[in-house]
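Please go over the structures that come below.
Next, two complexes with chain A in common: one pairs it with chain B, the other with chain C.
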Partner chain A sequence: MSHASFARSVAVLLAAAWFPLYAGAQPAHPPVHTGRAPAGMVSIPGGYYRPFYITKGIDSVKIEPFFMDVRAVTNKEFLNFVTANPQWSRSRVPASLAERGYLRQWKSDFVIGGVALENAPVVNVSWFAAHAYAAWVHKRLPTIAEWEYAALAPLRWAATPSRRSGTIDGEAKRELILAWYARPNGPLAPAGTVNENAYGVRDLFGEVWEWTQDFNSVIIPADPRGEANPSSTCGAGAIGTIDPGDYATFMRFAMRNSLLAAYTVDNLGFRCVAEDRN
Partner chain B sequence: MKTSTYLLIAIVCFAVSCSKQKPVGKNDTAVTADTSGTSYNNHGSIYDMDMPFTDQNGKPVGWTSLKGKVRIMAMFFSHCPAACPIITEDIKKAEALLPEAARDSIGITMISFDSKRDTSARLMEFYRAHNLNPRWELLHGASDDVRMIANLLNVDYKEWPSGDFTHQNLIFVVDCSGRIALRREGLGKDPHELSEKVLALLYTSNSCCAPTPARVADGLSAAR
Partner chain C sequence: MMSRSKPLAAFLLPLFCITSFIACGKKSGELPALTGATREAVLTEPPMVPARVNEDGPQKVVVHLEVREVVKPLTNGATYTYWTFGGCVPGKFIRVTEGDEVEFHLSNPSSSKMPHSIDLHAVSGPGGGAEASFTAPGHTSVFSFRATTPGIYVYHCAAAPVPMHIANGMYGLIFVESRSNPLPPVDHEYYIMQSEIYTTGHYGDTGLQEFSFDKGLAEQPTYVVFNGSVGSTLGPTALKAKVGETVRLFVGDAGPNLASNFHIIGQIFDNVYEEGGTNVNHDVSTTEIPVGGATIVEFKIRAPGTYHIVDHAIFRAFNQGAVADIVATGPEDSTVYSHQQRYENYQ
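After this line comes the complex of A and B, so read on.
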C-alpha cells in the first residue's frame, strides 16, 4: 500500500463518523444575527486566538473580524463551479491538483446523481479545488486560526421534548466532538443542519472535516522515537502544545498535518470566509 | 478507558503525521504514474498552475515559463539564519559535481517564503553573498502564490509574527515537464544524490529532455 493511500485511509478511519451529533433531531435553529454579513454568511467578531501549537514568546494571534459561511459548501454549489470551470471536472483535473477519487461521489463529470447528495457537503475535493472554488466566489478559505477561533464558540443545543434549548461548552462540548470523531462513517446530513454554534455557524462539528487555507502550516514537533531527521525542519523556536489534554483539537491538527494539497478524502469538505472590511 | 481510546487514536494519527515526513510519502501523490484510470488525467506537473513571480533582477518570471529545463528547486527565505544557507550550499555542491555541458543545460530555482521582506534587491544581495551565477533564479511573489507553490511541492511552512518562517528543508530535482523526480529532506546530505538524479534526467529521460547525441556523449564521459 502506498504511503499516500495509507495516510488517507487512516485519515478516513480517524476522521470517520459523520453522523450528526444528534442523529435524527434536526435542530430548530433560532434566528441568526447576521449583521452586515453577505447572504449565507455570518459575522465573526475579531479577537484573540491562542494557538494550539505555540512557540516561545507567542501567546495569541489577533483575529480580525471576518465573515464565515454558515454551512459547508454543497455538491450542488460545487457543480456550479465545475460547470463554469470545466478544467476542474473529474476527467480534466490533473493529478498534481487532485488525486484519484476527486468528486467520486458524483455520477459523472457534471452529474451529481441524487437530490440528497446535491444538498450534502461536497467532499473528495482537493485543497487546490477548494481554493479555486473560493476564489471563484470571491471569497477565500479560512486560516486554521480563523476556523479554530470560530469553532471555540459554544454549540447551541436545540430543544427536544425532554429538554430545553441551551448551549453546550467546555468539557461537555469536547466529549461530544470526540464522540463524533470516533463514530464510523455514515451518510451526510444536508449541509447547514448540524450543530449550530453561538455565532450561527453550522456543521463545524458533526458533518465533515474542512480544509483550511494554511493546513500545511502544521509542523508537529519531531517524532519522539527519534526516527525523524533533526535537520528536517528549520525551527523558529521551541514548539509545543498548550493543552495536551485537548485531544479533539489535537486530532484536527494531526489530520491537517497528514494532508497533502492534492488529497481527496471522503469526509473532507470546506467552507469559505470573506474579509469584513469595516 | 474512553480517554485512553482517544489517546490511542491520537497516537495513530500522530504516527501518520510523522511518517509523512519521509520523502517517499509526500512524493507519492505528485509522481506516481497511474495507468489504470481512464477518467483521470495522470500527467501531474508542478506547472499545472501558473503564478507570477519576480526574480533577483526584477524580471517577471511566470511559473510555467520554468518548464522545459531540468531544475533543482528549493524554497527558502533570505533572512533564514541557518538552514537556508546550508540548502544553498548543498545545491552549489551538487552543481559543482555536474559536467559543464550538463550544468549549462539546467536551471536552479529558489522560491522565497518571505513575500514581505524578500524583494528583488534583497534577493540580489543573497545572490551576491552566496556567489551564485546566472543559472540561479531567486523568485519572490505574493503570499497566496507562494502558498500555491508550497502545495504543488508539498512543503510545510509556517510564518511567525516575527516575520520568520519554520519550514521543511527540502531540495527537489524536477524534470522538464514538471514532474518531481527527487524530493530530498534534510541538510548537508550527499550532493551526489542530486547531481546523479539530474544526470539521469538529462541523459536517460524520454520526456522533453530527450537526449541529443552531444548529451549522450557528455553523459557517457561523465559516467566514466
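After this line comes the complex of A and C, so read on.
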C-alpha cells in the first residue's frame, strides 16, 4: 500500500473515530495542566517555527515558551468584558473599531439570548475588540507564528469501543482539517469541545477562524498565483510557501489576508495567549 | 472573436461612423465613449444564456454576483460541497457587448467560510480582477473593467488554494459580443462547461463526498462532468431543439486539469470559433478546449433523436460522467439518416 493511500485509509478511519468530537461530545482527555499555566491555559514549550510564507529570507522564527487559552473565548466571557466596558457594546462601539455586524448573534447590547450561544465561541468581533478584550484579561492575542506553531501539534482522538485513543498527525491530520474547512458553516459546538491537540489546546480546527495579533503582517498578494515576496523573482503558483500541498494552511493565510481590523465575520473568533515568564 | 484586419476595419470605418464610432480603434487601444446609459446585467444559470442586448453604444453594465457555498447533488445518492458563483455550477453566464464598462460587484455572504475572488479572462489587467475582488465573508468588492476584446472567456475564483476553489465549482463564462459583428441569430443558445471533481471516495460512493488533494495533484479525477454534476443535462433537463433548428453552444473547460475533446455523437459542427478567437473553422466533429478556455460551436439539427455530448476521451464519458444530452424532436427524414434498414445473417 502506498504511503498516500495508507494515509488516506487512516484518515477515513480517524475521521470516523473523531466524529463524536465534531458532534460536540466531551473530549476524552482533560486539558494538560503543567501546574504552572494559569487556569484555562496550557503551556506551549518554546522552539522554532518555520514560516509558511518565507519572506525576507527568514526561514525560522524562535518561539519563546508561552501560555495559550485551551479554547476560544466564549460569548459569555465576552459579555463580561462588554458589561465592564460598555463602550464596547453593540450600540456604542464606533464603526471605525467594529463593523455593523459586531456581535450580531446577540439579542441586544448586554443580552446574549440562549445558553447554547453563551458557551459557543464569540464571533463577529473585530480585531480591535479582540485586542481590547485580551488586554482587559491581562493577556494578548497570539502572533501568527505562535498560533501556527501551537497548531503543528498532533491532534488527539477519543477512544471508541473498538479502538484506543491516540494521536493523528501528518497527512491524515491535514485531511481531517481540510474536510472541515471545505464544509459550509454549521452551528457552532460549545467552545472547548473540538479537536484537542497534544498540548491540550482545543478548537484550533473545526470550530471558527481566529484572529491573530499580526493577522495582516504577512503581505501575501490577494492573487495567490504570484509570489509571496514581491522582491523575489516572479513565478506562477504558490512560490514562497514552504509547502504548496498544505491547503489547510493556505486557507488560514488566505482568510487572514482577506481581513481588515474592523471586520466582523460570522465564523471568526479568537483566543488569548500570555507570556510564560517562569 | 470579430477583431478585424486593418484593411477590413478601414473599409468598414465609414459605415460605423454613420451611426456611431463604437468599433473604431479597438486594437489601437482607444476606447469608445460610453453612451451614459447604465443597465443591470441579466445573468442566467446553466444551461441558459442571456439574450443579446441591443443598445445604441457602449454602456455601463452593472453585474451583481454572489458567492455561495452550498451542498448539492453530485450524482445519485452523493452530494458535494460546491463553492459557486451565484449558487449554480458553472456560475452564472454573463453577457456584455464589446466596449461596455463592467462594474462588477462580488459579494461574499457572511455565512461563507472562505474568502473568494474572481479572475475574468475577459479583463485586460494583472490578475484579471483577482486582487480587486478578493473578499472576506460578509463583504462586497466592487471593481470596473472595460470589455475591450470580444470573445468567450472563462472566469474563476483565484483565492488560495486556487485549484481547490476551481475544483469545487468556482468558474463560469463571460461572453463579450462583438459590437460590429455580432453572432448571427440561431434558434437556441446553451451554456455548458466541463470540469473534474476529485473526491476521496470512489465513483458512485454515496453520502457527502470530500475533496481529495491527492487525486487532484495526480490529475486523476473521480468524476468528469458537464455542468457540475453527473446527469446535470440528461432526461428532463436535457437540452432541447427541433429538426431544422440551429443550435449554438458556449462551451468552457474549467479543468482544473483536463482539456476537453469536445464531441457530439451524431453531429458535425458547422462552425467552431476556435478557442473563442477570431478563427472560425467549419465541418468539425471533435474540437479541443483547453483548461481555462472556451469555444463556441454551431450546428443544425438534421434528424430527430437523442444526441450525446461527450468528452471523446471516452472513459471519461463511459465511466466518469462526462455525458450531456440534446433531445431533438421532429419528423424523420430517411435521406438524412435511415436507421437500421436490414439485419442479416453473415457467416
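Keep in mind that, in the parts below, the second predicted complex is superposed on the first by the 228 of 278 C-alpha atoms of A that agree within 3 Å, B and C clash if a C-alpha of one lies under 4 Å from a C-alpha of the other, contacts with A are read in each partner's own complex, and residues count from 1 in each chain.
FYI, contacts are C-beta pairs under 8 Å (C-beta built on N, C-alpha and C of every residue); 3 or more make two chains touch, one makes a residue touch a chain.
All of these numbers come straight from a predicted model, not from anything done at the bench.
Of the two partner chains placed by the overlay, neither chain B nor chain C lies in contact with A:Ile168. When the two structures are aligned on the shared chain, A:Leu152 is found in touch with neither chain B nor chain C.
After overlaying the two complexes on the shared chain, residue contacts for A:Phe128 are found with chain B alone; chain C is out of touch. When the two structures are aligned on the shared chain, A:Ser96 is found in touch with chain B, with no touch to chain C.
In the superposition on chain A, the chain among chain B and chain C reaching more residues of chain A is B.
In the superposition on chain A, contact is made by A:Ser258 with both chain B and chain C. By the touch criterion stated above, A:Pro184 is placed in contact with chain C alone, chain B being left untouched.
Touch criterion met: A:Asp266 reaches chain C, while chain B stays clear of it. When the two complexes are laid over each other on chain A, chain A has residues 4, 11, 99, 178, 181-182, 220, 222-223, 247, 250-251, 254-255, 257-258, 263 in contact with both chain B and chain C. Taken together, the chain A residues at the contact with chain B in this complex read 2-7, 10-11, 14, 55, 58, 61, 90-97, 99-100, 102, 109, 127-128, 131, 178, 181-182, 213-214, 216-220, 222-223, 227-229, 231-237, 239, 247, 250-251, 254-255, 257-258, 260-263.
Chain C makes touch with chain A in their complex at residues 69-71, 81, 110-115, 117, 119, 126-127, 130-131, 134-139, 158-162, 164, 168, 200, 210-214, 217.
Residues 4, 8, 11-12, 99, 101, 175, 178-179, 181-185, 220-226, 238, 245, 247, 250-251, 253-255, 257-259, 263-268 of chain A are the ones that touch chain C when the two sit in their complex.
Contacts from chain B toward chain A in the complex involve residues 3, 5-7, 9-10, 12-14, 16-22, 24-26, 28-30, 32, 34, 37, 39-46, 48-49, 80, 82-84, 147-148, 150-152, 154-162, 164-169, 178, 185-188.
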